[in-house]
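Heads up, the next two complexes both have chain A, just with different partners, chain B and then chain C.
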Partner chain A sequence: MAVDYTQEAPVIEGNYSFRDISDIISKPMETIPDKKYFIALGISLSMFGVGILCWILTFVYGVGKWGNNVPVGWGFDITNFVFWIGIGHAGTLISAILFLFRQRWRTGIARFAEAMTIFAVINAALFPLFHVGRPWLGYWLFPYPNNYKLWVNFTSPLLWDVFAVSTYFIVSLIFWYIGLIPDFASLRERTKNKIKKVIYSIFSLGWRFSHRHWHNYEMIYLILAGFATPLVLSVHTIVSFDFAVSIIPGWHTTIFPPYFVAGAVFSGFAMVQNVLIFIRKIFNMEDIITIDTLEKMNKIIIVTGTMVGYAYGMEFFIAWYSGNPPEQFAFLNRAFGDYAWAYWIMVTCNVVFPQLFWIRKIRRNIIIMFIIGVIVNIGMWFERFVIVVTSLSRDFLPSSWDYFKPTLVDIGILLGSFGFFFTLIILFTKTLPVVSIAEVKAVLKQAQPSHHGEAQNG
Partner chain B sequence: MSNTDYTLEYSKKPLPGKVFTIGIILTVIGIALLAIAYSVDYVRASFNIILLFSFVASISLCSIFLIALEYLAGAVWSVPFRRITEFLASLVLILPILALPVLLDLHTPFHWTHLEAIESDPILAGKRPYLNETFFVVRFIVIFILMSLFYWIFTSRSQKQDLSKDQKFTTQNIKFSAIFMLFFAVSMTIIALDWLMSLEPHWYSTIFGVYYFSGSVLAALAVVTLFSVILNEAGYLPKGITEDHYYSLGALMFAFSNFWAYIAFSQFMLIWYANLPEETFWYIQRGEGSWLYVSIGLIFVRFIIPYALLVSQTSKKNPRRLKFVSIWVLAAHFYDLYWLIAPNYSKDNAIFGWIELGVIILATGLIIVVFNLAAKNRNLIPIGDPKLKRAMEFRL
Partner chain C sequence: MDKKLFCLAAIFDKVDDITKAAKKVAESEYKFFDVHTPYPVHGLSQKMKLKPSTLGYIALILGLSGAALALLLMYYTKTLNYPQNIGGKPTFALPAFIPITFEVTVLLASVGTVLAMLFIYFKFPNNSHPLHGTEYMDKVSLDKFGLIIEAKDPQFDEFKVKEFLGSLNPEVIMPIYYDPEDLNFKAEIFHPKFMLLLGVVIVLTAGISYILLNKWKQIPPRNWMWEQPRLNVQSSSSFFSDGFGMRTPVPGTVSRGNFPYVYSGLPDTMAKNLINPVLMNEYHLKKGKEHYNTFCSPCHGYFGKGDSRLNNQFPNPPSLHSDKLRNWTDGQIYHVITVGQNIMPSYASQLEPIERWQIVNYIRALQRALNAREEDLNE
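Take a look at the complex of A and B:
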């Protein structure tokens, strides 16, 4: 292949006018969903239903319904929590960090990735809430003046999680909403339905596309991006602290913070890539969410996947190098102990398979990249499982060693969390623009200051 | 702004001989100081050679990293500065000379070479398969050969492109960059572990390789920024390099300052919180006597002050500010390496004298001399690079 480096590759393929862009992106919201949509919604709602049933069982009978035992006090619940928080990370990375780096290819995928962040964080937050055993007392996690004269345990990283995740959720939501305001205004102008018009009008906050509005908008967007960037890093850093501040062998290792962040971005990108493959096909957005964009995402997957591989290698090496017998045992036990199967699933899925993305053809092949994306997420789920369960099941007292086996309720909740996530995504695709109308218009050829062509309609 | 009118006006001007002379003088003074140091305080001198080596290794290897990063990321704004980065990368070729005094006598700085100590120390004995003299030297040689090879691959293609303007060289370099990154990650880690972490062979930290990397990239960026601004102001670079180009250099320095702080905090926080004696002693040692002030100072010198100096958008575009911050950041990297190395030879209190000063003088001299030698007979910007026109037109 020959690439011409003298020209900037266009972000959007094809020749679209501003009007065309509005039409394409608004179409899913202006048409009545077809049968396939309801089938997809039905499937994800059924999965969600199973999850609700299992949540109710947990609520009524307590966490004894789970496979957690002594010494494995953290099982599927914390694994799922870390997994879903990780999924959320790609959203802020794409929308905030790539924005600060002025990567214009993020335009087509940022909105969806941000929405995914929000859904994933809601999903994740449920797990620690139920894990505390009495979720109806969940508000005790917040420090507020109370008549028990008790403070929360400020020295616990689990509490820092509460602050980190809730701050992250609020800022992500605001960031997402700010980006939506100009699009709400576009939709308000387009719609002929009176109820929709009222709703869009309320949410567009009186946006009139004036210069002053755009000026303020760009400023607040930049500030929020700058604000969200350290926040997104801090969230998974603090999640890694849940493990790393302890002295459990296999948990306490200084590389955990950057390693968790890299892993989170890795799995999050795989998830964004997976879902976008469907969205661009179903909604005819192949020129907006282009193959080039997907290829760039795959490159990020291989970079972060290799970083994760580096961390695996480093952990293993330093465990040996430390000369610390419990540390050495923890890693040998991971690779060759009872949970060796999980460990090798993790290594193959996270380190070996993504290496296929070295080949350009594979990076640009929709089916193979989809499969690798799925594999990456399986691998990343197992990574958290390996970290949580293998270390705990072999604690310092050999007489209490035990094997963790998930119950049907555990599996049901995991299934339900996917159902919940996909239900929200499916609803999202029909209610809000999955791609930012305003931002895509800004990267069209005719929006560039250097463009000298005929003015186009729209 | 138009994308059709720009034509590159560049004719090679030789660098002023005066600067080269200053570089030579500094190098000679530096060598003399270190030679005297070897006869006066042998132990301290050999630790200072490690300081010198790790400082120059930072700049040279991370300059190659910055070259590869530009190719991989498809960055456009940095193209006019790439030649400067390439010249700095040529410091990789003198690494064996700097390492030689230490390689000839590993016994003085490295406790793990003391066989009598190992006999009574099962933990050190267990590390013997990795920490032994032969393997140490082999690792260094392999890293040196690999890194020099990549240096040659990148720069020779870049040079050929000046004449032929053939785009295929860019494509080739992009491919090599991807492969380079894997070797680079391992090499930086090994250098960090071997030359810095193993000075205290009982101590271990999985993040240490990343720690050295984060500071090293900053150092390389700082020299690139400093040289770019100076050369541009003196008119050695073509017209058209604006504050928009500067901004990106400043922004990267800002980003990596934060990255360093993040990594340094992660390492400290986790060790402090877990409070395991096999890890904490390393930090405790850096809290003894006047080391405490050096350690606290590091937070300010390496993070808080550069952060404050670079946080605003205007400061990232201001050439005077950038020059100052680059020198500051370079000094801070030296400070950081000193903080890593010096507690091993001066346990009770921090000492800083003419020997350490000699390292600074020698490193400065070497950077100037090698840069001048590399720049001789070469263009100061990659005139054949297909992205150059876009790069000169780059606006934020």
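Take a look at the complex of A and C:
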């Protein structure tokens, strides 16, 4: 198939007026949800309910309800934490890094991906909070003057994590909100409902589309993108420091920071792609979230997937090359030990299947790309499981070696975290514009002035 | 009634028209003009001759402050306030401080710049701007492009501005008036709604502070750590046959360090010959001063002059520098601390015997200090 690469493909397909864009994007918020919506919400809420039950059990009886035990002190909880933080990374990558690279195809998916970031980070933050044992004392993680005259240990990677994750959450939230302000104002002008009008007025802060404001607004967007880019790289780097700074064989490697960041983008893009496939279909946004956009996301999946595959290989090479017996044992144990099943699930899902995206037809086939997206996320969950559990289950003291088995509460919490995430997403689709109205208008064909001073046919 | 004019507005349909119009109005004599577009139009800032945004400088200043703040906090806590040896790292471990410094820099710069833009640059929240609720706002938020010239412009003349806007070929020209309700609005302190809000804020603040300061530590799950299956003092227990949780001493024994004071209930002269076992040296004087300042000074004053700090809630005791006291033996002072005298209670439960002797030594030092002898000057 011949593709003309000299001409940039339009971001939005079809001929839409500004009014059409507002109508399409505002429609989910202006219509009463149908039966399917409530079925989907019911399923995710049930999963969430199981999760809440398991969180309550953990809260009352303590982390003894989990499978964590010596020597595997980090089990499902930290696996899930790293997994969900990783899911969040795609959102910031789309909204900040692609913005800096002037990738205009991001406009259709940025809002949604940012929302997913926020939900994923909330989800992730719950795990370390409960992991500390007494979650109601979680504020002890922050440095504040207290009657014990104690300060937190600023040299610990676990504390860096506290700062990284909370900064990441706050910055993502304001980035998201800044993008929402003009849309709140659009909705404020559209709505006939008095209560909605009050709510939109409050959140729009009185935005009035003044170009004197847009002028500064575009600057702040650039500044925030500039800050969020190193921030998102730092967050998963610091998460990887939790492992890399310790001395457990299989953790203590310098490849961890880039490897974790690539893995995070990999799984995050797979998740965003999966959810967007539903959104564009259900809300008739196929022309805004185009098949071209999904194809580009699949390209990023294959790039990051290959990077992750390279890291798997390089870990083995360094284990051999270092001549360090515990290191060599740790990696042989990964591939051929008790958890070999998890390791080979990880390798197949992350390295083999995404390579199918080299074929253009598969990149553009909704059903196959959805399946590969699911496979990638299964693989990435197992990657974290393999890193956390296999390394710990064979520590330096053979007498304490043990096989980690999750309890029902562990599995319930994992299920609940997906329920929580999807509940928030389903609620989000009906309460806030899932695509940025102002940004999409700005990338329409007729949106920007022709530079010859002549009126364009719009 | 005369309505007060806010501005004259013109609405355009095409983006090229608005860029042309923006260029013309920026070149004209009007200074208080603005353009409204449903999305940011590229190049419009140059056409409007807007100065480059200064937000970058704010971000720079805030980012540098964040870095300095984080480093100073870590330096203060880890090096000055509570130095700890963690894995042999230096107390000021700069490489280990980098991640947090970076995070705080980003946090302060991004949050601060956004707040500065919204609340200082834009003066938000502002939902009572005259443009709100007008047909003009309805259109420019959706698919039209608008241009306004405000009435406060010194060159503003309704007729001339109308003519000028007409020359730009807009779709429609409309005047926008102030909302009379907003104009006549006066902030009243005693407005019932405001008072209600104030009341709610007071009750909430007071309630939350009360709970946080007094109840927070006692409510579950905060108290789970101390509600454990163990015996608490003064509580019953089914473990022992008598139902008491606490045990009485075995008859005929004395617990360690609890040697009974033999002169209790007897006059101070009986203790005259008790021997002070504590040396008069710097260590014991320092300890004695600590205990004296804690337990004795509230009534006797820091120098034993009887200058109570209790503002007559208690009668002031006599001075410790009287001849009577100076001529007492150490044993007599010790006796009074142990069993009390007149209104002064016994301090036996608060102070160990050695601590009482240390106080005796300190009182001796005070007495000497206020009645120095000639020979003391030579030292």
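Heads up, the rule we're going with is that the second predicted complex is superposed on the first by the 450 of 458 C-alpha atoms of A that agree within 3 Å, B and C clash if a C-alpha of one lies under 4 Å from a C-alpha of the other, contacts with A are read in each partner's own complex, and residues count from 1 in each chain.
Basically, a residue touches a chain if its C-beta (ideal position, glycine included) is under 8 Å from a C-beta of that chain, and two chains touch if they have at least 3 such contacts.
Keep in mind the model is a prediction, meaning the values are calculated, not measured.
J.: Quick check on the chain A-based superposition: chain B and chain C, clash or fit?
T.: fit
J.: Going by the contact rule set out at the top, does A:P143 touch chain B (first), chain C (second), both, or neither?
T.: The second partner, chain C, only.
J.: Return first, second, both or neither, reflecting whether A:I318 touches chain B, chain C, both chains, or no partner chain.
T.: Once the two structures are laid over each other on A, A:I318 reaches chain B alone.
J.: I want to verify one number. Taking the Cα centroids, what angle sits at chain A between chain B and chain C, in steps of 10 degrees?
T.: One gets 100 degrees for this angle.
J.: Looking at the overlay, does A:N216 come into contact with chain B only (first), chain C only (second), both, or neither?
T.: second
J.: Looking at A:E439, would you say it contacts chain B, chain C, both, or neither? Reply first, second, both or neither.
T.: The answer is second: A:E439 touches chain C but not chain B.
J.: Let me test your reading of the model: by the given contact rule, A:F241 touches which partner, first (chain B), second (chain C), both or neither?
T.: A:F241 contacts both chain B and chain C.
J.: Go through the superposed model and pick first if A:T167 touches only chain B, second if only chain C, both, or neither.
T.: After superposing on A, A:T167 lies in contact with chain C but is clear of chain B.
J.: Which partner does A:Y310 reach: the first (chain B), the second (chain C), both, or neither?
T.: Only chain B; A:Y310 stays clear of chain C.
J.: Check whether chain B or chain C contacts more residues of chain A in the superposed model.
T.: C
J.: Based on the superposed arrangement, let me know which partner A:L224 touches: chain B (first), chain C (second), both, or neither?
T.: Only chain C is touched by A:L224; chain B is not.
J.: Does chain B (first) or chain C (second) touch A:P449, or do both, or does neither?
T.: Touch status of A:P449: both partners.
J.: State the minimum pairwise Cα distance, in Å, between chain B and chain C in the overlaid complexes.
T.: For chain B and chain C in the superposition, the minimum C-alpha gap reads 7 Å.
J.: Quick check on my understanding: which residues of chain A belong to both its chain B contact set and its chain C contact set?
T.: On chain A, the overlap between the chain B and chain C contacts is residues 230, 241, 449-450.
J.: Can you list the residues on chain A that touch chain C in the complex?
T.: The touching residues are 17-19, 22, 59, 134, 136-137, 143, 149-151, 153-157, 159-160, 163-164, 167, 170-171, 174-175, 178, 182, 185-186, 188-190, 201-202, 204-220, 223-224, 227-228, 230-231, 234, 238, 241, 438-439, 441-442, 446-451, 453-456, 458.
J.: Quick one: which bits of chain B touch chain A in the complex? Just the residue numbers, please.
T.: Touching chain A from chain B are residues 1-3, 76, 122-124, 126-127, 130, 167, 170-171, 178, 182, 185, 189, 202, 204-210, 258, 262-263, 266-267, 269-271, 273-276, 278, 385-387, 389-390, 396.
J.: Please name which positions on chain A make contact with chain B in the complex.
T.: Residues of chain A touching chain B: 2-8, 102, 230, 233, 237, 241, 244-247, 252-258, 306, 310-311, 314-315, 318, 321-324, 358, 449-450.
J.: Flag every residue of chain C that touches chain A in the complex, lowest number first.
T.: Chain C reaches chain A through residues 14-17, 19-20, 22, 34-45, 48, 50, 53, 55-56, 59, 73-74, 77-78, 81-82, 84, 86-87, 89, 93, 96-97, 99-100, 102-104, 106-107, 109-111, 113-114, 117-118, 121-122, 124-129, 131-132, 137-138, 140-143, 221-222, 225.
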